[in-house]
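Both complexes shown next keep chain A, but they swap its partner, so chain B is in the first and chain C is in the second.
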Partner chain A sequence: MTTSAPAPTRPLGARVRRRAVGASRRAATGWLFVGPSTLVILGLSLFPAGWAFYLAQLKWNGFSPARGVGFRNYERMVDDPDLASAALHTLFFTLLYVPTSVFLGLGIALALNRRIRFIGLYRTAIFVPFVASAAATGILANYLFDPQFGFVNNALRRVGLPAQRFLEDPNQAMTVIALMSLWASLGFTVVVYLAALQDIPRDLVEAAVVDGANRWQVFRHVVLPQLTPVTVFTTIWQLIGSLQLFDLVYTTTRGGPVESTKTIVYYLWEQAFKQLNFGYGSAVAYVLFAATMVITLGMIVYSRFAKVQAF
Partner chain B sequence: MTGHRRTRRTVLALAALTSVVLAGCAGVDPEPTDSGPTASATPLTAEDPNAPVELVWWTGQESDAQKILDAKVADFTKQHPNVTIRSSSGAATTDDLLQKLSAGFAAGTYPDISYAFGSWASELGASGKTLDISAEVADPAVKWEEISEAARETASPGGRTIGIPALVDNLALFYNKTLFDAAGVPYPTDTMTWDEFRATAKKLSDPSRNVFGTSFDVTGGEGTTWAMWPQLWQNGGQVLAPDEKTVAFNSEAGVEAVQFWRDMAVEDKSVYLDQTAEKAIGLFASNNIAMLVTGPWALFDVGGAKTDYDVTLLPGTGDDHQTVSGPDLWVLFDHQDRNRAYWSYQFVKYLTDPAQDLTWNVEFGNLPLRSSEIESPEFQAKAKVTPGYELLAKNLDNAKNKRPTVEGYVEVSAAYGKAVSRLLQGQGEVGPALDDAAEAADRALADR
Partner chain C sequence: MALSTAPTPTGECAAQDPADGGPPPRRRWPFSPYHLLLAPLAVLFAMPLVQMVLASFKTDAEIRQVPPTFVPAHPTLSGYVRLFQDSDVLRWLLNSVIVSGSAIIAHLVLCSMAGYGFSRLRFAGRGASFVLLVGTIMIPTQLLMIPTYIMFTKLGVVNTLPAVILPWLTSAFGVFLMRQFFLSLPRELEEAGRLDGCSAFGVFWRVVLPLARPALATLAIFTLLGSWNDLIWPLIAINDDRWYTIQLGLANFQGQRRTEWSLLMAGNVVATMPMVLFFMLAQRQFVATMTFSGMKG
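So, the complex of A and B:
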């Protein structure tokens, strides 16, 4: 059939060609736009990730020739009590930080989602600490919570309470760091929740009120379900951040006192750059990456399953 | 948005990862350039000493010191116009230089000359990327023998001289006269024993006024570790076994040294436990710590704060008051370029020459490199306005044992420092904790 009908093929072919040219030009334009950032992503994350995987199979101190050790670095993690305690500290921080930042973020967003005087000022004030760098937050923490000369202990003394050792007390240091992390990052959850709250259609709320719902019922049965996708998103986001806690520890306690604030990332940094175990440090980084991936995927799958459209 | 924070964290992690990775590229390459001890004695001669040469120098210094060093560069390049020296601190802190060097090796853009802590010497020496200047420093004009033995040995890991000592530190006892006077306690002397030290510290502690008898670095880093070595040696102990294949710091002498500080910290509560290694000198300067075991680098801060202080020898076990010395180095790196190698050495030789040392180390307040400089008018002038300066310079003679320079010392130090810091903060028993640390350290040594 194709041989007997040569006539229509010519114009059709031309059209196809023209369309193909247009499409490839569009594709080229597209690549031109995404190209630079793709290169950055490839260069700064995928390539290093690949190398780190390779490095995790070596014993290498950064100077002498490296030695291949296969998966021994991973095996070593199984009975590394220091890594286990770093994981526990990270878990403790996560339990303190993630739920609080989500609930508190929601609470403050609800409080700020109304027409009152100076609302712009309040919203800005909540958001400002989020813009401050971790180094600044760390310095501030050192000033506030210094056991001898800190502001908080002075305040405690004024009201007749015993002074605390805060960052120098193994039982308090992680809580203080969680507190400072909350202070620094609450702005994020608040802003996300505020945006979500303002996205809730007014007629939904009005319909509920007309139907006789009180304020709590409106919140519980109308507002909260609307916020679920955002809650899943912020939880995952904060979770990833808390599993990677490093900067605030570095600028305040350096993992002390008695290693009570040594998190997984701090531990792997210390292994690689302080003790020059680059291979082992990379292996720990990989396991942390895998764990974070599994948790995140788990939450995404769950939210899909539960019909929550977070992603 | 949250982007900001997260990105910063990610960037930190990525940066770490990247440098690990970049470093990986080179580290894995078999390095044919490694010149063993056999190749060592070849003298460095330039192909053409008048050809233009550009050198990169990482000084590891902050701005005040950097200014003096820049003046040295200007002076040297004026005498040798074909030489250009690009001098910078190299990294944000001296500690960070090690990472920078490691990444630089990987990228192939390492400097010709870099400052290095003595504890890195064996790692740098094993990199196969350093020059060997054993033949050069044998020249009597260098006055190599006048540099303290510990410093010379540190500069020569495995018998290859990889650089020239930049300065030498040691530990002594700083005491705050204001606090002693206020309490009516006599000043420490150079015959003080550790037991007297402990009693004095207890007497001077006053928690209600935030005053501590003394302080100890509990970061678990080398600062923690080396502060304990003098007492270990005074008690008759050693860091390593004679064959240097295992550690010996968990001997009876070692346990005794750590037990002493643990009891002071936990029972007397007369010790300010410095979690960051950054606070003790400031607290001493502001009259909150009475006695501090520290070194010449504290002179700058206490001088600036106009603290009324003086310095004496470390307390002793019996009449043994030996201390520990910590040399830092100017390490020279090999770029397979004879002209660069020649001029790198010429510059470092010039910089560490006694005449130049007086207008660099002595002027800045570091200890002089050679004992002969003590007689110079420059030194005497500095000593007159700086209490303790002369004592610290002479205290170098009390460094009878040297800090180990075996490859793997970094991990030995980490294992020991960690144990000491936990013990001083009241966790665990000294004997078993040191045994555990020894086991970890032995593993690290066996692994090298």
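So, the complex of A and C:
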């Protein structure tokens, strides 16, 4: 980005110089356009990410002098029972949430992908919870699933089923959180599937029908293979999201009852910003990041492999 | 990728149109059987928000009544009155508007400039810096919040609105989105602009940006949703309730007023309804945004 040294005054040199001036002017213009974003993004993500790696090797509460502990923060994670149970709760939520969200998303998208009366209304109703915040969703969850006056228990009583404790029951709280997460985010999966469905070439489906395929066969052998990339994408996307579950836990149970909804990120937040274990918190964050990357890459490789198998 | 979600003119298609791509319908039903599935589903999805609005007009006593009422028996504004008296909700709302407004403006300016630079301008270091930027998309917030908090403490911005705004100035995802869009534009228009004597910035400002409206709308909505609904970062960066965003204010207010449901529901309406109304008005753009974020994988 610096101008090259003055060239000798031969015609060739003048040309070289002019070209060099042109290159530096182009560089100046280019960096004027991309510089601000590049600076902010590197400063607020690449730099802190590197710093976190350094922090993860410290024992530091932000006030007293930091002490280097090498990789002992990572070693400590191995026999931290609280972290293990947080990981277990996160896994439980993930298993509950991810498959349901992908299957229901596909199912609802298939149902919505037709031109019938009120279809716009149906779509709006299913998409709109997507804009509700975690704070709003959390307060709504507390309200709808209230053991005494909540509408869900009222509905259960109406049909003669026993009322439940829901968010106050350690065995049910995480399921309620998963249900509310589904309510708030199914719209996303549905929209993505719907777009993919509408991108499927009509000829493909018509050709299959001409060849005598029935509805199920068309779906299984024509539509579903076309949707594979979207399925892989939504699964990965929802997986990453559920491994990072925090907001809805904070706004419903705050990790309770009896820590039954304490997730990895909730535990990490507590460690870092309640206990002020900045070092240990950073180590947990790094391991979560690494695990997410491994799972994501694994899924991508697996889907490639599975596709090869399918042919 | 075009997805038509504009409400189809009802009535026009219902009679003769078969399901998209399906075989011709067998006429056994006076209406599509899909209504039997979709109507209850739509009601189920809309119900929590409807309940929220209705509850905000009830008294606390009526909310706690068993069995619950659906429509408020004695509609009252007491929830809203107490909300505005007992909390700084207007302040929080203003903070959120400032945060989201700054985030959107900064995103539109910085991401479109960078996206244009990375797609059309040729200069040393372009390829490497773009790869570096896109790579940061994979870094999760959880990894950044501790060092960013420490950094902002040292810079003295913690516990001020800029602490919430700074991470929203621009994003690798936004730069990527704008770059993809600019790559899809025909080059000829810009060359014409160049021949007319415009500078690179002139071409960008007068020729390219006016064409970029759809992408800018997508980016604006993406930024609005993310910054308006964000909870974990304001929770970490802000302690003073003067600088709470509406989401943080609401979440913490819930902790203090657990049983005052009409007040909490009023707060919920205030925080959520702007987004819901906005969604209704610009549903097509919202859906395009959701689709795009789904397509980048």
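Definition applied: the second predicted complex is superposed on the first by the 265 of 311 C-alpha atoms of A that agree within 3 Å, B and C clash if a C-alpha of one lies under 4 Å from a C-alpha of the other, contacts with A are read in each partner's own complex, and residues count from 1 in each chain.
Assume a contact is a pair of C-beta atoms (placed from the backbone, for glycine too) under 8 Å apart; a residue touches a chain by one contact, two chains touch by 3 or more.
Given the structure is predicted, the values throughout are model-derived calculations rather than measurements.
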item: Clash-or-fit label for the pair chain B, chain C on chain A; value: clash
item: Which of chain B and chain C A:Ala66 touches, first, second, both or neither; value: first
item: Touching partner for A:Phe188 - first (chain B), second (chain C), both, neither; value: both
item: Most chain A residues touched (candidates chain B, chain C); value: C
item: First (chain B), second (chain C), both or neither touched by A:Gln217; value: neither
item: Touched partner set for A:Leu55, first chain B, second chain C, both or neither; value: both
item: Which superposed partner A:Gly281 touches (first chain B, second chain C, both, neither); value: both
item: Touched partner set for A:Val230, first chain B, second chain C, both or neither; value: second
item: Chain B versus chain C as contact partner of A:Arg115, first or second or both or neither; value: second
item: Which of chain B and chain C A:Pro170 touches, first, second, both or neither; value: first
item: First, second, both or neither for A:Thr29, with chain B first and chain C second; value: second
item: Clash-bearing segment of chain B, relative to chain C, as chosen among 9-17, 153-161, 225-233 or 261-269; value: 9-17
item: Touching both chain C and chain B, counted on chain A across the two superposed complexes; value: 44-45, 47-49, 51-52, 55, 62, 130-131, 133-134, 148-149, 188, 191-192, 237, 240, 244, 246-247, 254, 265, 269, 272-273, 278, 281-282, 285
item: Touching residues on chain C, where the partner in the complex is chain A; value: 1-8, 10-11, 13-14, 17, 19-23, 31-32, 34-35, 37-39, 41-43, 45-46, 48-49, 51-52, 55, 63-68, 110-111, 113-114, 116-118, 121-126, 129, 132-133, 136, 138-151, 153, 166-167, 169-172, 175, 200-201, 204, 225, 228-229, 231-232, 235-236, 247-248, 250-251, 254-255, 261, 264-265, 267-268, 271-272, 275-276, 278-280, 283, 286-287, 290-291, 294-295, 297
item: Chain B contact footprint on chain A (complex, rising order); value: 44-45, 47-49, 51-52, 54-55, 58-66, 130-131, 133-134, 148-149, 167-168, 170, 184-185, 188, 191-192, 237, 240-241, 244-247, 253-254, 256-259, 265, 269, 272-278, 281-282, 285
item: Chain C partner contacts - residues on chain A that touch it in the complex; value: 1, 23, 26-27, 29-34, 36-38, 40-42, 44-49, 51-52, 55, 62, 108, 111-136, 138-140, 142-144, 148-151, 154, 157-158, 183, 186-188, 191-192, 194-195, 197-200, 202, 205-206, 209, 215, 218, 229-230, 232-234, 236-237, 240, 244, 246-247, 250-251, 254, 265, 268-269, 272-273, 278, 281-282, 285-286, 288-289, 292-293
item: Touching residues (chain side chain B, partner chain A) in the complex; value: 1-2, 4-6, 8-10, 12-14, 16-18, 20-25, 27-31, 98-99, 102, 105, 123-124, 126-129, 210, 218-221, 273, 275-276, 288, 407, 410-411, 414, 418, 421-422, 425, 427, 447
